Each structure stands twice: as C-alpha cells, then as structure tokens.
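Order as written gives the chain letters A, B and C; numbering starts at 1 within each chain.
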Amino acid sequence: MRIITTRRISQIFFFLLFLWFCVASTLGEQWWQLRGWPVNWLIQLDPLVGLGTLLATGTLYAGLLWGLLTVVLTLLLGRFFCGWLCPFGALHQAVGWLANRGRKAKVMIAVNRYHRGQGVKYAILVFLLGAAAGDLISRLLRIPFDAPVTVAGIVILLLMLCAIATRLGKRSGKRWMTGVAFIAIGSMVLGLFADGSRLLAASLQTGLLDPIPLFYRSVNLTLLPLVDGQLISLAPSSRIYPGIFAMGAFFWTAVFLNLIIPRFYCRFVCPLGALFGVLGKNALYRVGQKAEGCTVCGDCDHHCEGGCEPSSVIHTDECVLCMNCLDSCRHEVMGYRLQPSAAGEISAPDISKREFVAALTSGIVAVPLARLAGGTGETWNPTVIRPPGALPEVEFLQRCIKCGQCMRVCPTNVIHPAGLQAGIEGIWTPALNFRMGTSGCQRGCIACGNLCPTAAIRPIALDERLGIGDFELQGPIRIGMAFVDRGRCLPWAMGRPCIVCQENCPVSPKAIFTREEFRPVRIGGQLHIRSMDGNRLTIDGPVLPSGQFSTGDYYISINGGSDMPPARITEAGTNTITLEGSAFVEPAATEGRIDLLVRLQLPFVDPTRCIGCGVCEHECPVKTRRAIRVTAENETRERRHQLVL
Amino acid sequence: METTGHPRPGKTETRLSAVILAILVMIGAGVYLRQSHINPAVVALRPEAHRHALPPDLYQAALIDTKGSRIAPFSPPERFDPDTLYEKINGRADLYLSSGFVSLNTQRFTMDETAGNWMELFVYDMATPENAFSVFSMQRREGARTDDIVPNAYRTENALFMTHGNVYLEIIGTDASEDLQQAMGLLAQVFVQTHGGTTAARVLGADLFPEDGLAPESLQLITANAFGYEQLNQIYTCEYNIDGTRLTAFVSERQNTEDASVLSVEYQQTLLSYGATVVDSSVSVDSATVMHFFDTYEIVFSRGRYLAGVHEAGSLEAAKILARRLAGHLEVSDGK
Amino acid sequence: MDRREFLGRCTRAGLSVTAAGALGIGLYDGKPPEAFSDTTASVKIPDFSIAEMKGRICIARGTDRSATVRQAFEALGGMKAFVKPGERVLLKVNAAFASPPALGATSHPDLVASVVRLCIDAGASRVTVTDNPINDPASCFALTGIGAAVRQAGADVVIPRASLFQRFTVDKGRLIRDWPVLFDPLARADRIIGLAPVKDHHRSGASMTLKNWYGLLGGRRNIFHQDIHTVIQELAMMIRPTVVVLDGTTSMMTNGPTGGSLSDLKPTGTLVVSTDPVAADAAGATLLDKRPDDLPFIAKAQDAGAGIADYRSLDLKEIQFG
C-alpha cells in the first residue's frame, strides 16, 4: 500500500472524525448527540492550546495532557500532525489540489518553492506566546532579589551559563554578560519607577489563529447553522450568532488563499505549524535525498505540500510529511530516514534574532497596552455576561481559546461570540445575549462548562450552579442581574397590565416580585354616575371603548375612593359598568364622580434572589430594547462586581 | 525503518501503512467506547438529576397514604412557605398570609392516570384551629352543600373544602364527575383519620350564637381587621333572618370583662367618629349603644368576656330583637 | 552517516522528550481552577496592642489640643509606655475630605503634629501618617493642613497608591474578604495610633475611632455602607491599635461626616486617649448627645472582643486642663 494512500486515509479519517465531533456537540443523549463523545479530543491533541494555557496559568489542565503525546511524536517524527492529522490542513490540501489541478508543472514547482514569507508564522507564534507569557515573567521577576542566597544562586547560574557558552564557542561570553547586565539594569530601573503590577499581564490569543480552535468555531458557528435543517436537525430553531461575519470571512479567506498558493495558511500563518517546526527541528526521522541519483527533475517539488524544497536544500521545519515527494520521485532518491538529506538541510526556523526579539517584545507589551483601557478593572463592560462558571475576567482571558464549543453546545443559543465589547482581547470569547435564542440561560444546564476544553468556564456541578447540597452556603451562581427599565416597561411606563417577567422568573422564591398599584386611566373626561341598579352602573361622561375595560384589570372608585377600596369591573359597555359582587354596599349618590382605575402589578427585582439567567429579558414583550435587561452587575465570578451585601 | 519512494510500494511502506491503519482503527474504537461515558452536561439533563432539589423525605412520602385504595399520587408533593405561596395560588395568597399561614403542601392524585381526570390536594397549615376556620369560613363558596363526613366540610360541584385542627384543606377535581367526588370523600376521610380523628374537628364558635333565626352555615371567623376596624380581631359572625330582614350578629371572646367593655366603648367611639349617630332608643341591654350609620343600624355592647353586637342591620326593630337574644344567650354562656 | 551527529541528534531528541514530559506531567493539573484564586492567605495584620496597657482610658477636658493630649498621655504613663525607642509608629488620621481644619471634618493638624512630636520624643525611629481619603489624597493632606504640619513635626506622609494595597480577609469576617487594604504602611510599623475627630455620621450615627479604620480600606468600599455597623465591627477585628486618640475638642453635631458649615460644630472640650477603641467611642458618643446603645456598632465591636463599651468599668482617669 502506498504511503500517500495511507496518509490520505488518515487525513480523511480525522477530517470525518472532526466533522462528527462538530455534529455530535449537540446537547442530548441520542447516538448522534453529545453523550460521551470526546468532542474536545482534537483540541486537546493540539499542543499549542496546552502550551498557551501553560504559559498563561502555570498549569496544564486535565485533557490538555494529550498535547504532550503530539509533542513527543513530533520531537521524534517531525510535523506529522500537519500532514496526517490536522483537519484544517486536510481541507487546505484538498482545496489546493482541486484548485491547482489544471496548473502547469512548471508553475506549481515555482509556487511550491520555499518563500521567505514562511518565516512570518514563527513571528506570529512568538508574538502570541509572548502575549501569554506576561504573567509567568512577572512571577519569575518576583523572585526575592534581596535574599543573598537567591542572588548568589542566580549569579553562579549565570556564570556557569557563560562558561558553557564560551567553551562551546557558539556565542561569546562577553555578549552573554552584556545581555545579562542589560536585563539586570533594565529591571532595576523599571523597579525604581514602577511597582510592576501593570507592566506585565497575560492574555491567551493563540486561539485566534490556532487552526484547531479556528476550524472548530468556523464550522460550528458559521457552517453548521447554514446546513442545519431538513435532513439533519441539530437545533429546534435556527441558530443565530450575531457578529459572526468577520469569523466566516476570515475562514473563507484562509480557504480561498489555496487558489494562489496551496496550503497558504499552513505555510505562512499557522502558529501551530510553526510550533511543530520548532519542535521537529531535531526530529530523528526526516524527509530527504539519498546521496546519489538525483537528476533535479523537480517532480518532488511539484506536489510538495509544505513548500520545503525537497529538490535542493530541504527546509526540514517546513516539511509536513505529506510524503508526496517520496511517491513522485522516479529515481528512488527521496526517503524518510534517520539521516539528513544528502543535498543538505536547513532545520532552523527562518526567523532572525531581530525578528524574534521584536515579535516577543511586542507580544509581551501588547497585553498591558490593551489592559490600559481598564476593561478588566474599573471600566469593565457590564453588558458582557459570561457563561455560568466562567472564571474572573483576568483568569478567563488567560484560558479562553475562542473555540466556540460553549456556543455550539448551548441548548438555548444564548452564548455568542463577543465582538469588541469585551475589549480587543475578548474578541470571539463567549458572551450571553438574551435577546437571541430560545430562552434564557437554563438553571438546570451545566453544558458550557463541561465542554470548555481549558476550564475558562469551569466544569461546575448542578449543585454548585443551584447553590444546594455542599454549596448551600455560597448560594447559586449568578451571572448577572436583571434591571427593570421603568421608562419602557408596560405597567411602569404605559399603565398596561403585564407581569410576563414575574411569571417567567424560574428562581424559587421568585427574584421578580410585584407591588400592586391602582392608577387612573386616561379616558379624556370625567365619568359620573347616572343611576345604579345593584352592581350595574349607568354612567355619564366620555364614551368608553367597548370591551377594552372588561379584562378584569380595571376598577372604579367613587368620589375619590378614600373610604372604600376600588371595585373591579367585570363588564364595561359604552355607558354602563358592571361590577364584581356587591362592591358598594350602600348605594352611591347619583352624580357621584367615578374614577376609572387600572390595577397594575409593578415588577421589582430582588437582588438577593436574581441569578441573571435572562429568562425575563428573553420573554419581555418589549421586543427591541427589552424593558427588563440583565447586566453582569452582581455576578458571583468577580467579587468586585458585587452589588449588594 | 527506512522508507523510500518507489513507483510500486515496497514492503516497509506497506507494513508501515498497516500499522498506521491499525492505529486509526484503534482510535476509532477508543472514540466509540468513550461515547458511552456520558458527559456530566448530559447527565444534568436527566430528570433524576433535578430530583435532589427536593428534600428526599418530601419526595417519597405522599401527603395522604392511599395504599390499598384505587387512588394513587401522580406528582411529587410540593411545599410552599410564606415567601413562595403566591407562586402557587397567586393573588389569593394575601388572605392566607394575613391569617397566620405557615405552609402549604400540595400533591395531585388520580384513580387512573390515563383517564385524564385527577384532583389536587391543598393542605394549608394555618398554625391554629381559629386561623384555619377563618380562611375556611371566609371563602365559603356560593351554592355549597354541607358534607356529612366530618363537621366543617362542604362540597361544590368539583371540590371539597374542609377545616380540621390547624389545617385548612382543599381538594379540587378536574371535573364534576361522581367518581372524583367519591375519591375526594375518601381522601378527606383518610386525612381526618390520620390527623386526630373527628374529635379534632370541633366546630369553633358555634355555641356563641342563639339558634333562633340563625342562617345555616353562615358562621365565619374574621381573624383580623374585622369590619374595617383594626382593633377587632377574632370576631365570629353569623347571619340571621329576623322578620324577613337579613342581618349579621358578631361575638368575640376577649381576655377578660374589662377588655371586652373597653373594646366595646372604643369601637362605638370609632363608629361615631366615622359619622354614625346615636339613636335614642332603648334596647334593654346593658351598655348597648344603638347607632345609625349610613342606611343601616349598628348595635355594640359587651357581656362578660364577650364583645358582641349587630352589624349592618337594615331594620332597627330586627336589630334590637337580635341584640336582646344575643345578650341573653351570652349571659348563659358566660355563666358556664 | 555521521555517527557523532546521529548520536547528538538522538541525545537532543531524548533530552527534549524528557524535558517536555517533565514539564507537561509536572505542571499537569487534573482539577479545574477554583472559582476564586485565594491570594489572601499570606497577608496578616499584626496585633499592635500592648497587653499590659489593656483597658486604660483617660478623658481629658481642655480646649488646647496640644496641651490636652500631652496631659492625657501623661496620665496614662506617658508616650514612653506606648512607644519604645527605635520603634516605627504609624498614625492613622482622618484626612477623608479636602476641607480646611476649621470645619472639623478631619483630624486637626495641631493634634496630629503634637502626637508626632510625642512619638519622636519617646524615641520612635520613624513616624508615618496615612489615610486613604474619599477625595483626592494629595489634596486632602494638603488642604487639611495635616501634610504640612506632620512634615514640620518630623513625620512622613504616605499617600496611598495601588501598590501599597494587599488583598486581606478578616478572620471569621463576612464582609471584608479578599478585600484591598492599605497594607504596606501597616507592615512597616511596630505601633499604630488612631486619631479621629468626633463626628456625626449619616449612615452609622457617629464616626469616631472605630469608623476611622474605614480609611484603611481600598476598592469599592462604599458597598459596605449597606451594612455599616457590621463593617465597623469587622474593622475593629481587623486592627488592634496600640492606642487611639479621640478628639472631641469640637464635635460635628450635624450633617456628618462632611459637615461644611461652622454651625455644624459645637465646642465640647473633651479629648479621649484610650487603649480600648470601643471604650473611646462609647465615651465619645456622649459628646454627640447619644448613648452608646444608639450606636449598634459599639455593641457589635464589643461582641467581637475588640473592647469594652462600659468605659467607667475600666481604668479610667479624668483630668481637667486649662
């Protein structure tokens, strides 16, 4: 069996597995629903997710240990992930093959030649990892320098390093010393002027370009909703994700760039590929030529997926192990061996020291710069409501990879990718919007946290969500709080009876309660009693619209009603009113003044009960800008957002 | 291991392919096996995941043990406290809350789940028999017929209402069928048997009123704020029909004689301050004052520990007759 | 094939695999993160009180703050009884508002300066003065006159800034949990003296030595106004001072805590020096024509073990001056 056939099978296998995981991320217990399908497995295999969260948080969370397997295999075999496993890579390869079938061999050989721009992805990787490393660096800098032992230890270590460096003769000891001195002086000077607390911060942005989260969110949020319907029905109603356009456009751009250069994304942009390039630099096995027999026919370059030039000096770090060169070489020169290529190889990533330092520094500096806006502190945006179980914002941004799994699995479709409202760092992170979806955030649901691969949303238990059992003391998780907009609320602003929010409040005891109020109705004139017969009054005054006041919400009071409670109207004709029971015991004087009142139940929110689930906002009949809206005030994940004691 | 390119695949290549394909099969099998290990998010959707939200004893124990009968509970019992009562009964909650409400337990029962008719049991714990009787008497439905199972129970077409000890009980059926009516009677009987028997069901306040002219089933207990006057609590009222006039008598037992007479005077003063006028007419009842208020007559007096009187009488003569009878009856009662 | 190079490559691959494995497994954490990262365990505020001076209180009558406070300390055994040579002393004043000293909303600069001198005379190696005021800190210390007065007397003013705060949890507390506290000056002091004027307070009824510790809190502390008496109780649990000085030379009787008019003030000619802040506040309540029972935080602070409200049961000295 040809090795490229096996490769194709492997690619198709993982691509279908990926698609299956996307489909199966539907909450439910049917065979095609979530059940126990390991839908995050491909994300967990992605070592960039593990490395990014490791840098940002100092720990490797649960399933992300799978990434270690990928790392170890890459260290031994090279970039097998790109050529054999990555479903995004498989898509690019397929599209690239389709699009470039008709192009001449000469053109393809030219297109597949190594391009200097392929080094850009390393700069991207370094930038993203730099952005994630701020916290780690700040922790390292917090080493107590005033302790003599520590200082002595560091000095000895540095001296040893210098000695080794000098002995190896690769870099002069002088340069090392200069570097160390420079860093020491720099940190001392900075320490003089700043306390350091704002100088460094970590933000995990690898997910923006990391192909696995990117492909997951693109398929789950921009493709599946389009095909979901007749044949397969994954959601009870069409999924909506506002602000998705940029995400989709980005995805399709990446796909269509294959028309120009096959695997464009993999070669020029992909930070995961760059990471594998670095890791696979010293791989035991590598693709290359044997000593004799090469005629420089160019066949190997013709179908090269990595753009690594197997025909001449091969760029090992660019080779995605597609094995096309092995297959197309008619001279049996190409092989996958322990030896380096006879024609020579370049295994170091194409990034100069300058570029490296520039990318790293800008990554480290970018995050504190973004934080200057104060979005994680004083100027936090209360309209960004995070899913239940989400970590405090700073820690959340150190973990969220924007994979969109929470948005995909949310049964009510209330979790959406944020635009810029969560700050530049928070783009495409999950935020709840209760105007959309089929209901608010369901109290009995813990799906998002249990699907989050990095625990940016913690995998909470139902007891913790509801604040029962072991969690009785700390109470339920609140994601925000509802506020009544009295200027838009039907009863508050317009005197129309409505208690939809109160009725739908799922919390027990209800967080929304009402207070009764009788308010005069505007009827354009004054009513008087003409005669009274039992509980039936004939009245003088403006003609009443027939039927409108017979709903049971309308009452009358006589002569200001100071001594009697208002009496309920059971039926109101144009000039007759029938009252409920014998409301007025003594016959009221004729000519008595009648006030037509409406009985309103005005909604209030009890801040100690409201969990911010947004069901009220979702159900509010004021459809555009709801008359009751949830903001993240009083959310439990940030103590600083506490509203009431 | 060495792989090189060939026009035709070599042995190494084929073997390697076989190994890789085997790995893929293993991965597939692993993924398939993993899917039976249900995600907690999915487990949380199962109904049993939400049951523990209710205290287990409440979930298991039916409010009324119907074993051995053809009635079976078909919903878990639910419990409501003063904070949550309105979730169940909405606007009617106020009446209960102002009358000492402690808790409400509800449960649905049915004879045949598939038939679609069932009844819902409401057990209101009102803390005292007086409170229970008060909410019972104040909501007495029109067209009710007295039930013969226990004292203080009546039925309407599709429901049974009962006061028993501290409890006010309602059983509301989905339709007016005879079948349901029988089942309600059975439920009420079991309830009475398991809650102190018929002895616990004494009729409160009935002996306070003379029988002559008494309208049947008209006894009411107003626990607070009777006749719109704040000081008047624990007031029993009865309807009378005297010489074709309907009028209301009321009696309340106070702590002692002094309390009763003070309250009597205070209430008289309050009525006067609201515009009642004293009618110069002797009733031949000590301390009684006859007042004309709007179009009706009010008589207020005290007799021993009792505050008593006639309320909203349309006819002065009838009022005076009733007051005399009432005073006489209370003198006998007080002497006991 | 170059044997040496191959061995080198194998070594490097082996080392890389080992390093990656060690890092990955070493930093592996199967458990999800906690809902809140608790960073507060390490920070502790020491007990600044002196055991043998427990329950001492002096109520001094007089109108000259400098002289009266000197006499009052004298009556309790002199400042030397509180501050040993070489110790670092922190004065927590009330500089909450950027208003002039005459309006009585803040600690009087004369009094603060006198206490600074007493400390220096007792041999204090360093005296610092601090408060986290409501208005802009720099303006507050400047306009109240405290800044200039204490610098002249030889003390330093610590203007609060973000890096001086640490998150702190009051043991058994309900409100002050993981809350930013002006910790750095506390950590750099051996003794702490609280200086507070007697003021009416709209929310708590009175602002005296216990309420004065509010100025050590940072963050959105206004949230605590929903339960002011409990937060004062927790402040009393948080700070065990060496001694407090309650200045009732003039008292703000109305419109507290800001005042703003001389008509809000009343000369009450009393100054209390006490090692028991609860007793000091109970004594101060009388100056506002209140009973200690009118101020729930006094009983709450006593319940928390912060002191004794019945100041007459303590070692009480009353002196008259001038």
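Observations on the structure shown:
Note that in this section contacts are C-beta pairs under 8 Å (C-beta built on N, C-alpha and C of every residue); 3 or more make two chains touch, one makes a residue touch a chain.
Computed from a predicted structure; not experimentally measured.
When chain centres are set by their Cα atoms, the one at the greatest distance from chain A is B. Which two chains touch most often is answered by the contact tally, and the pair is A-B.
With centres defined as mean CA coordinates, chain B is found 50 Å away from chain A. With each centre defined as the average position of its C-alpha atoms, the distance from chain A to chain C rounds to 43 Å. Chain centres here are Cα means. That of chain B falls 56 Å from that of chain C.
Counting partner chains per residue, chain C has no residue touching two or more of them. For chain A, residues touching at least two other chains, in rising order: 338, 459. Within the complex, the chain C residues that touch chain A are 1, 5-6, 9-10, 12-13, 16-17, 20-21, 23-25, 27-33, 35-37, 161-163, 175, 177-178, 219-220, 223-224, 226-227.
For chain A in complex with chain C, the residues that touch the partner chain are 50, 54, 57-62, 65, 67-68, 71-72, 75-76, 195, 197, 279, 282-284, 338-340, 391-392, 395, 455, 458-459, 636-637, 639-640, 642-645. Chain A contributes residues 1-3, 5-6, 9-10, 13, 17, 24, 27-29, 31, 33-38, 41, 285, 290, 325-330, 332-338, 409, 444-447, 449-451, 459, 461-463, 466, 468-469, 508-510, 585-586 to its touches with chain B in the complex. Within the complex, the chain B residues that touch chain A are 1-7, 9, 13-14, 16-18, 20-21, 24, 27-28, 31, 34-42, 44-46, 49-50, 52-53, 83-84, 87, 294-296, 312.
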